[in-house]
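To keep things clear, I will list the structure first and then write my remarks on it.
Chain naming follows the written order as A, B and C, and within any one chain the residues start at number 1.
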Amino acid sequence: MNKITKHGITLSVFLLVIFSSGIILSAPLSPQTQTCIACHNASTPGIVEDWLTSRHSKTTPAEALKKPSLEKRISTDSLPKELIEYAVGCYECHSQNTENHKDNFSHFGLRINVVVTPNDCKACHPAEVKQFTGSKKFHAIKNIMENPVYKTLVNTVTGVRTIEKGMMISNKPSESTLHETCLGCHGTKVESKGMKNVTTKSGEITVPDLTNWPNQGVGRENPDGSLGACTACHARHGFSIEVARKPYTCSQCHHEPDVPAWNVYHESKHGDIFFSKYHEWSFDSVPWVVGKDFQAPTCAACHNSLLVSPRGDVVVERTHDFGSRLWVRLFGLIYSHPQPKSGNTTIITNQNNLPLPTTFLGEHASEYLIDKSEQGKRLAVMENLCKSCHSTDWVNGHFSKLENTIRETDEMTLAATKLMLSAWEKEIEDNGNPFDEAIEQMWTRQWLFYSNSIRYASAMTGAPDYTAFKNGWWYFNENLQHMKDFIELKEKKKNSAK
Amino acid sequence: MNKITKHGITLSVFLLVIFSSGIILSAPLSPQTQTCIACHNASTPGIVEDWLTSRHSKTTPAEALKKPSLEKRISTDSLPKELIEYAVGCYECHSQNTENHKDNFSHFGLRINVVVTPNDCKACHPAEVKQFTGSKKFHAIKNIMENPVYKTLVNTVTGVRTIEKGMMISNKPSESTLHETCLGCHGTKVESKGMKNVTTKSGEITVPDLTNWPNQGVGRENPDGSLGACTACHARHGFSIEVARKPYTCSQCHHEPDVPAWNVYHESKHGDIFFSKYHEWSFDSVPWVVGKDFQAPTCAACHNSLLVSPRGDVVVERTHDFGSRLWVRLFGLIYSHPQPKSGNTTIITNQNNLPLPTTFLGEHASEYLIDKSEQGKRLAVMENLCKSCHSTDWVNGHFSKLENTIRETDEMTLAATKLMLSAWEKEIEDNGNPFDEAIEQMWTRQWLFYSNSIRYASAMTGAPDYTAFKNGWWYFNENLQHMKDFIELKEKKKNSAK
Amino acid sequence: MNKITKHGITLSVFLLVIFSSGIILSAPLSPQTQTCIACHNASTPGIVEDWLTSRHSKTTPAEALKKPSLEKRISTDSLPKELIEYAVGCYECHSQNTENHKDNFSHFGLRINVVVTPNDCKACHPAEVKQFTGSKKFHAIKNIMENPVYKTLVNTVTGVRTIEKGMMISNKPSESTLHETCLGCHGTKVESKGMKNVTTKSGEITVPDLTNWPNQGVGRENPDGSLGACTACHARHGFSIEVARKPYTCSQCHHEPDVPAWNVYHESKHGDIFFSKYHEWSFDSVPWVVGKDFQAPTCAACHNSLLVSPRGDVVVERTHDFGSRLWVRLFGLIYSHPQPKSGNTTIITNQNNLPLPTTFLGEHASEYLIDKSEQGKRLAVMENLCKSCHSTDWVNGHFSKLENTIRETDEMTLAATKLMLSAWEKEIEDNGNPFDEAIEQMWTRQWLFYSNSIRYASAMTGAPDYTAFKNGWWYFNENLQHMKDFIELKEKKKNSAK
């Protein structure tokens, strides 16, 4: 019997609402959450209904704690009394750690945080938050915005250019544009600037005045001082493991031309099987059983999920440190290289004193990168995962092909770099900003678009069009040809101008 | 009991066919429709089966009229006797208003129209047709083909170029190519040129000889003099509301690089939730209940559908005037601007006497555009819709970000325009046709491809790759650089040729 | 009752495993297959589970032989005793024709072939293998790698370029890169180089050392001397007809920019209906009933499947010769032309003694191409298929539009060819390799990317964006303009260098 029935009249109204919408709650709601819903059921009903589809609404942490170890969906061992007996409702999440939350405000008699952060989710999911803390994603803002090279790229790409008196002027990007370009994925800095009034359906109310909000970028800086947004992948307010395990979620950011993981997956054999058959699979079971719950991996299967064999042996442990099963870094940097030791990549200094894991000519800043032994361990984890379905020789053949691809794509970047350096030397372009002139842009395409496409397609067993014509080798070689031709045309022009 | 049993022998055969295909009809068919099906069940069985999946085949207008107001799927109050008691079958749709239909012909004893038009659908759906009549889509052919600027763009893009004696010659596009490029979406002019014989499985028959047919472009000119094709979105012969509400329908035309609504949706958070969860949603219920029937909007939810809250309050009324919830126009024109007052945009004249809502430098032809007050009203409708799931502050933050994006993307177009004007001034290119030379083509890309991508991604809460790298800011700035470089190269060439 | 129960202790363990995974087998397994599964259930459980979802695991050839002709899924009339009474398990497929298999090896007491080939599948599916043998896909490696023109294209596109002492050097592509680019789809040459040891979960084992493995390219050269990989479309080990009939399978190779069949389908009306409604369709029934099992075609419906009408009349016979319903060849060659007579296109010699079906100026090598009468027959097959749902006039209108498109796209290629020839004549570029310089690359784009996109969109009734802006006419004309401008810039440079 539903415990909320003892809360009297208000609740009867609430119950009526719930029941009239045809849903029988199987877990009691806290009095505060009932209060939230009593209004929000009218003011933002979509959220409430979405939450009603969630596991959060249908179970209590007390029940979740009783599950056998492999089936557990929460990683804490104990919880405060006020969280344990109720469904995980509005108030349970939006009232954590109020003392840290500069976005906390008094809202119809309750103290509410606008933004729910990893530090709040940690109450039930501490292991996941801890794993996440070690990842590059955790440092996603800093890694792009506090690295002077990347900051220059960001500013060059997203700043408005204007023509004034015939001159092209580059302006700094606005907060707003950063918010929906780079920081849309990496995360914005959400700070409270104080309070403000907003006029709502329920009248004027006073709420925190937040910067760069709304945003669910994975490395978001939160008003409680924490980093990260679980909602980047676990969409509010259903928080469905099914959503996180399907590739659509990853595709929000991992998309061509710079990070074509989604596109490559779509065209791969794994993708073919997923899209053709996934309606027969289970995306909700924990642990996730290879072969029974699914017959081809999604992104999450290889990179994150706890997988077990049909007889219950652990194939790979769950992780929310997204690089922890990776031995090489394939994208986003000029050359491929071993994964960095720390998720915070701003600490890296290469041989040319740039905060990059390789030099422009490809030398590794090895002391900041994992060593061969650690690479081997991680590769072994991934190989073992592949071997759930593929023979050892098959897997070896796959990864040795990838190794060759990494080498060749790096060679193609090196060729582009040499052309760019010659253009700088001949003063055809200026090396002050390596991203703002035509040859430099071609150079950037070489590693940021084309190398990445080819490597992803190689790593993900397929998508021959992404290696060949669609941002692949065709573009690689055509682009080099353009660089060469453009240098010659500009050189000629320069000489004849003398 | 099915009324058609009383029609005797022919019908028994027909019934046998229907029943042998396992479907029990729940609505009586008119004698004429039975005649149609008796043959078409053999000659074009796919259509018949498709129609058998439709609501049209399973209900009568009489029953449809009885539904409570919000659940109604037809908007007429009364219907002629011959339509009311039968399922909506072949004959009911293909025999309307024969006097207007130049494509009417005698077909095995019945007078049949080849093309079913909005004016025919109006018998049951007058409100929808009326709404549609106010839309830009209704005028989709005229808006592109009777606007001299757009006509020039169309001709330049789709005409064959040949090389004759070393000269490049531009030819006018063929009807056939227009039919499958621009007019594939905008609609062709379907006229009857008389009658012709065709050899079919059933022997030689005489049918109307129609121009530019088949076509389901949304603004099609029909042989009854009407405009529009409901089948652009309501695919024949299932006419499924499910199809119209799913984003695949819109993606037929609203696709990158010029109108990347589908692509942006796919990569957005809304899209992520849709693709991951839609198998659990209801796409067939009228009215469509926010949060219960779906937990993330599709195109139709925001732009067209009648939405109600879980307790039955109307969130937004149904509309088939696709711009009626829009306050700004984001795509297809050089600069963003308030929506035009009339769906017929050929009536606009700007300050430079061009039939465009802005000048090449961005000044608005304000008298033809909705004013601030109307803009505010429409924005309020959309905001209210968003607030079904999002807080007021969230929604405000979203739309203020969009406003900034509109401003900046217009600035980027202005920069490109200034470069093009300087190329014209220097006689590097010729301003007779603003679309046919290299710098002009780059200028067109700036607003037709890149601005649109960025604005859509901004408007639709996500898809950071479409703002950043995929036809977004990267291309915006790279393209401006190309314009500048190309002008310099050509200028040099021109000077040294002197 | 399952026969395997009589095999004693090992089998009891095996049965336990099978039953503990909740699946009751309805067909007996051979003793050898039981042995395979006893280990592989632990070593590669994903494969075993995948196979358990297959029809192969659930029926015996004996039962398959009993089906009425149209419902048959195997095309043999008789089978050897050892295959007929057991489910089609590991051993049944991996032990065929061992005498031919250079990849045969002794594996825990059984003689196993690593690679299962069309010649092995032929035991049950001889008609399909025979059809396939006539196709261009069967010769897919030779057609690209033994045609000197295509070999040059392949080498130019996929070879690493390096910069050495300021010079750009083109290198030959590595086996490994060919393997994951062109040959990813066309197929690799899988040969046995001898034996090697690999360390597996079950200890060190000795296995054949295969070149270019793994690969499922459709024309793969197999270690038994046969050609082809059924797994290109029938993904292992589910071998699901559903997968082969869904367009995701074709999208692995038929993908923009060079072969945009998938992309065009996605944006077409057929695709719209498929994606919106396919969850209600049947993809598993044989024969496949037009209108009842599906209401819009997938790739397989038009190109491969046995289709019948709702009353059981054959609409079109099954074929695995993928060109056999095609009268023109739309992609991959410089100009469109009648389909070649032989699937082996290396035998063609055109008027300029090149192994191409047309000359660079578009003359057909007619003696190697099907004639008008054969074209007419094939077109009639396809038209008949369309007429399952569309009227004769509709179908005629469609194909006459396609014909015009073929003519115009060929004209656009001719214009590009003339520009390239003039560049060669003026010695701006060198005609030694027609693919490695900028103007040549633009020429290649014209036919390899843009013509193909427009033709596919025309042929597949839709996707106006692929004819207009997305690799369509916009690019066609812009690209010609670039060719012209680039020739002028280079010419100027060349002249002023004199």
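By our rule, a contact is a pair of C-beta atoms (placed from the backbone, for glycine too) under 8 Å apart; a residue touches a chain by one contact, two chains touch by 3 or more.
Computed from a predicted structure; not experimentally measured.
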Over half shared numbers or under half: where do the identical copies subunit A and subunit B land at their interface, same or different? different
Report, in degrees rounded to the nearest 5, the angle of the rotation taking subunit A onto subunit C when the C-alpha atoms are fitted. 120
Could you grab the centroid distance between subunit B and subunit C? Build each centroid from C-alpha atoms only and quote it in angstrom. 34
Can you give the whole-Å distance between the Cα centres of subunit A and subunit B? 34
Which subunit B residues touch at least two other chains? 279, 489, 496
Could you please specify the touching residues of subunit B with respect to subunit A in the complex? 266-269, 271-273, 275-277, 279-280, 290-292, 295, 309-311, 387-394, 396-398, 400-401, 404-405, 408, 411-412, 414-415, 418-419, 422, 457-458, 461-465, 467-470, 472-474, 477-478, 480-482, 484-485, 488-489, 492, 496
In the complex, the residues of subunit B that touch subunit C are 17, 20-21, 41-50, 53, 114, 156-163, 166, 168, 174, 176-177, 179-182, 184-185, 198-201, 207, 210, 213-214, 216, 235, 238, 240, 242-243, 246, 248-249, 251-253, 255-259, 279, 436-438, 441, 448-449, 486, 489-490, 493, 496-497
